[in-house]
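Okay, so subunit A shows up in both of these, paired with subunit B first and subunit C after.
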Partner chain A sequence: MANRAQIPTKSSALIAMIADEDTVVGFLLAGVGNVDIRRKTNYLIVDSKTTVKQIEDAFKEFTTREDIAIVLISQYVANMIRFLVDSYNKPVPAILEIPSKDHPYDPAHDSVLSRVKYLFSTESVASGRR
Partner chain B sequence: MGDIMKTSSFALTEAKYVAGDNIKHVVLENVREASLKVRSRQENVAGVKLPKFEYTNDGEVNKNDLTGLARGGQQVQQCRAAYIKAIEVLVELASLQTSFLTLDEAIKTTNRRVNALENVVKPRLENTISYIKGELDELEREDFFRLKKIQGYKKREIEKQMQSAKLFVEEQVAEKLALQRGISLNNAQNILSATAQKDEDIIF
Partner chain C sequence: MEERHLIPESGVAADQEPSQEAVEVVNRREVRLRPGAEEKLVLQFMDSLNSYLSFSHSLSSTLGQAWMELASARHSMGTARLNTSLLDLKFHPASTTLKIAECDDDSVDAKARFVLRKWISSEEVGEDEDSNSTKSPEPADDDDEVCYSQVRRERAKSLSVFGILIPPKLRAAQQSFERALETLVEMANMQSSFLYSFHQLHQEVEDTKE
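Moving on, here comes the complex of A and B:
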């Protein structure tokens, strides 16, 4: 068990967001937004003008930042960078796909569920969630 | 989770409708420090360290108090409450997801270990055991064989000794005869041995 990944026990970790404008505004209203001294934010608003590269960069940055524990990403945005999301296998930060207003939640595309199905077939998916 | 998100989106739309579209910009401008953070702990379940997220409200309410002053203040508050609830659910979901993935990996490692033990270590040990058993049996057989041989030798030794003892006794008798009749030892022995055969010189 020597190669177990280090799971940090932090007392304050942020929630990052990559979603469309309305969702992000809602969450910012609730108070998850954070801008640090270097004007780096923990959210990215995705609209029709955002390029895939920008989304990729933001995703990579959020997953490598040490103080982010959860990354919320809209499902249709996740579909755009599906390969990145699927190849990500660190336990922290946790990647969570959320539905957006126009795209209801589709469990068939959720990277975690589909990966579990691919890796393990039978039991986990049936017994797991939903 | 989908339901909660729907409710919160709905609340947001309501707030937007009531307070005008500008709350977006106000909110975006007003982002300073996150007042909602997550704490991550490690829980040890059956020997596996699982991460668990806890949601903490750091107390200071954001400076969004100016948001609803123009109009729709209550709606904005409701919207905020709805989103906070959504965040709680999402944090729990995230925590479950990570535990899930960690357990998955743990299961895989354990499986690999089991396979290795079953297919590699066990046969080797069994081979060693059977080899040792074979050697012990062989040694035992050797010992047994040696024992038998020694018994055989001993028996032959005893027989030889008995024969030589018999010869000795016969010689003694011959000596006695010689002494009694005054003839040489040789003749005595001849007499002894000739009692079985007929001598030509003796007529009757």
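Moving on, here comes the complex of A and C:
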């Protein structure tokens, strides 16, 4: 028996970003950038020098912060930490994989879509409907 | 029939009241097996998944345009004037935030609903957090003018990070990224909706297997 999923309601939550420079700059222009008193930001700019560990740490931090509602992550960056993104299953913050300039969005690699593909697999349909 | 199987067999007589847990399980099964409920969930799942994919195509197109405008602005301003090294780490709250509400459709699970709040001034952010603050009502016309000037002010503040003379392409890029944000929030809502339907249907499939 599943417990009721808790959705934390909030009137002012942030959008976090893990993406390349142009994407982050663009969304900062749109006003989503936040720097708190401890000088912590709600974004990580990924370039050639960014390590996988840094990306993992940023993902874990953004998905556990209570003031973040959506995490935007470029799909090519999500592919670097695919195991971590696949294992995430909370409703909030929502994880959205977005395209980047050099890497178009591929629905086949999207973690959330891959999870629901199961509903259309022959195994689930055949075994449940006999 | 379903109700009798769910009442535990371990010594509970027919005339005794079933445990609270068994009653809750019975009620839940009644919600799932309501005529048309499963079809409604499947339709909701398909609709929200279709909308999610449509929004993702739209997002790719909007972002493509936004990157083009940003590249054009960088070409006219110079690379040194439009990069992330200009971003400082001074305290500043986000002007564009989200409101999270919970949608409860008479089921045991709930789904999140995201609402975009664009260009909220820093004073207003402080008022939101202060639940004891009161604000006197203003006439509707003044509200529109105040909102418009506030939006313009917040937009200008956001652009001012990259200098005083802002080319039109950078303003256009800002608006494109704002449109992309609106699409992303809709995608988040659709994702929340189809994940909710998916979990309900998945539960149904698992229960049928049992």
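The working rule: the second predicted complex is superposed on the first by the 116 of 130 C-alpha atoms of A that agree within 3 Å, B and C clash if a C-alpha of one lies under 4 Å from a C-alpha of the other, contacts with A are read in each partner's own complex, and residues count from 1 in each chain.
To be clear about the criterion, a residue touches a chain if its C-beta (ideal position, glycine included) is under 8 Å from a C-beta of that chain, and two chains touch if they have at least 3 such contacts.
Everything quoted here is computed from the prediction, not taken from an experiment.
Of the two partner chains placed by the overlay, neither subunit B nor subunit C lies in contact with A:Arg82. Contact with both subunit B and subunit C is seen for A:Thr41 once the two complexes are overlaid on the shared chain.
Applying the stated contact rule after C-alpha superposition, one finds that A:Val92 touches each of subunit B and subunit C. Of the two partner chains placed by superposition, subunit B and subunit C are both touched by A:Gly33.
By the touch criterion stated above, A:Lys60 is placed in contact with neither subunit B nor subunit C.
Residues 1, 4, 7-15, 21-23, 25-35, 41-42, 69-70, 72, 91-92, 94, 96, 98-99, 101, 104-105, 112, 116, 119, 124, 128-129 of subunit A touch subunit B in one complex and subunit C in the other. For subunit A in complex with subunit B, the touching residues are 1, 4, 7-15, 21-23, 25-35, 41-42, 69-70, 72, 89, 91-92, 94-96, 98-99, 101, 104-105, 112, 116, 119-120, 124, 128-129.
By the touch criterion stated above, subunit A contacts subunit C in their complex at residues 1-2, 4-5, 7-15, 21-37, 39, 41-42, 45, 69-70, 72, 91-92, 94, 96, 98-99, 101, 104-105, 107, 112-113, 115-116, 118-119, 124, 127-129.
Subunit B makes touch with subunit A in their complex at residues 1-2, 5-6, 8-9, 11-13, 23-24, 27-28, 31-42, 49, 51, 53, 56-58, 61-62, 64, 67, 76, 79-80, 83-84, 86-87, 90-91, 93-98, 100-102, 104, 109. For subunit C in complex with subunit A, the touching residues are 21, 24-25, 28, 45, 49, 53, 56, 59-60, 63, 66-67, 70-71, 82-84, 87, 89-102, 108-112, 114, 117-120, 125, 128-129, 154-155, 158-159, 161, 170, 173-174, 176-178, 180-181, 184-185, 187-188, 191-192, 194-195, 198-199, 201-203, 205, 208-209.
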